[in-house]
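Paired with chain B in one complex and with chain C in the other, chain A is shared by the two complexes that follow.
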Partner chain A sequence: MVKIKILLGIITLLIVVYILHFLSYFFLADYFAEISKSTESKIVFGKYNLVIGLIQSIVIFFGLIISFKCMYEIIKRGFFTKTSKKLMYVAGIIFLFSGLVALSLDSIRLFNSANQGTLIGILFMDFLLALIGFIILIISEMSCIGFEIKSENDLTI
Partner chain B sequence: MSIIINLDVILAQRKMKSKELAEIVGITEANLSILKSGKAKAVRFSTLEAICKALDCQPGDILEYTKN
Partner chain C sequence: MKSLSILKTLINIYYYLMLIAFSIGLITAPILLLTQKKYDVSFLGNTIDLTGIAIWKSIIALILIGGILFLYFKSIQLIKNSVNHISKGAYFTEYLAGNFKKIGKLFIMIGIGATVAKMVITLLLESQIGFSLDSTLFVFIILGLFFLFLSEAFEKASQLKKENELTI
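Presenting the complex of A and B:
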């Protein structure tokens, strides 16, 4: 359980970072608008990059919230509960989907950009996110099987 | 379920209460209730042995198979 609590702490930290990130959009709106204007002709998707980035961040933030709820449920009620396996499945889908979408968009950016070195690094991060989502999906399947075994064990007198 | 548990019948014959049987067998009353109601998925041989010993009966007296 200690490892789950550590993971919960890390997820909480990430959620706080994302909240600060969203708040920066409000407080530094003019700054971001200026950057967006100056770079829109130089990068793929132009002025929409900011919106795309914001939507991606919101989706990942939602995935983090689901992960937080899942970890909290595991700490409160133990492994292999109905709620935790469902939440794990949803979190896995969100991260896999986000990773794949980010991978696609950054691949398009890569082929249209001069700064390919940096983008290859970002592509690798997107791939890692998709891989994490996929791993979480596999763990959620194991959690399903664990739940069935636990239910049968609980009803074995 | 096709396996019926006739524990209530044997308990009535032996004039024993569920609580008493649960204590002798070493299971909780809740688990005994699950067993009696037919909701149990499985019974351990050790539990069955303890029940038969406590009620002085055969497994066939407690367990009955019916075609559903």
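Presenting the complex of A and C:
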């Protein structure tokens, strides 16, 4: 349980970082718009990069919130419960979705960019994020079987 | 589980793509090192330009990068083996719990190792000491802790399963 508590701490820290990140978008909107304008002709997706980045951050932020809820539930009631299974399933879907979206966007960037070496490395990381999302989905299905084993065990005198 | 077979296929694709990329890197790095041509090394989402620096510095940088990538490769191999094991219908076993523990430890080592490696490489290339907290450290430490936690949960489940099987 110590590991999950450390994990909860890191997730909380990341949620705070993301909130600060969103606040910076709000307070420094002009600054970001200026940077976006100066670089839009050089990069793939041009002026839409700012919006794409923001949407990706929002999706990951929701994934982190669900992960936080899931870990809190696990600490409170244990791993093999129906609620943690549901929350893990949702977190898995979010990470799988954001991994696949990032993979698609970076693949388009790869074919239109000169800096292909960096993008190949990033593609591997995007693929890993999607795979981890998929693994969480499978584990959420497995935790259902674990829940049945635990219920049987609890019923045994 | 139909999704399990999809995951198995995806992990196999990922593993063999990595194997190809790793092999190409192993073959091309010494050639580029000796010919002193322009070359960049892609390292967990970052690019390191090793053009025009002293050979001994390039060798140290390549050993560090290669070591971290080897750990990464090893952890993906363990994930692949675990998924293959799950696909056989063996869910809560000590083998799986042990594998998750190893993957967790490897991911934490990659997170910390990559941060230290970046520090050393910055020192070698730019002659300045710098420490940066980036997504690599967080992502791998989160994944590492998650897998370590999973190993504990699976170990507990395997004990419960054994107890259940022993009950008349």
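Keep in mind that, in the parts below, the second predicted complex is superposed on the first by the 155 of 157 C-alpha atoms of A that agree within 3 Å, B and C clash if a C-alpha of one lies under 4 Å from a C-alpha of the other, contacts with A are read in each partner's own complex, and residues count from 1 in each chain.
Criterion: contacts are C-beta pairs under 8 Å (C-beta built on N, C-alpha and C of every residue); 3 or more make two chains touch, one makes a residue touch a chain.
Small disclaimer: the values here were computed from a predicted structure and weren't measured.
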Inset, instruction - State whether A:Ile75 touches chain B only (first), chain C only (second), both chains, or neither. - result: neither
Inset, instruction - Using the touch definition from the top, say if A:Glu152 reaches chain B (first), chain C (second), both or neither. - result: both
Inset, instruction - Once the structures are superposed on A, label A:Ile138 by its partner contacts, choosing first (chain B), second (chain C), both or neither. - result: second
Inset, instruction - Going by the touch definition up top, name the partner, chain B or chain C, that contacts more of chain A. - result: C
Inset, instruction - Could you look at A:Ile10 and tell me whether it touches chain B, chain C, both or neither (first, second, both, neither)? - result: second
Inset, instruction - Considering only the touch criterion stated at the top, classify A:Val59 as touching first (chain B), second (chain C), both, or neither. - result: neither
Inset, instruction - Identify the overlap between the chain B-contacting and the chain C-contacting residues of chain A. - result: 152, 156
Inset, instruction - Would you tell me which residues of chain C are touching chain A in their complex? - result: 1, 3-4, 6-7, 10-11, 14, 17-18, 21, 40-47, 79, 83, 86, 91-92, 138-139, 141-143, 145-146, 148-150, 152-153, 156-157, 160-161, 163-164, 167
Legend entry - Interfacial residue positions of chain A with respect to chain C in the complex: 3-4, 6-7, 10-11, 14, 79-80, 115, 117-118, 120-122, 124-125, 127-128, 130-132, 134-135, 137-139, 141-142, 145-146, 149-150, 152-153, 156
Inset, instruction - Show which residues of chain A lie in contact with chain B when the two form their complex. - result: 151-152, 155-157
Legend entry - In the complex, chain B residues that touch chain A: 27, 31-32, 34-35, 39-44, 47
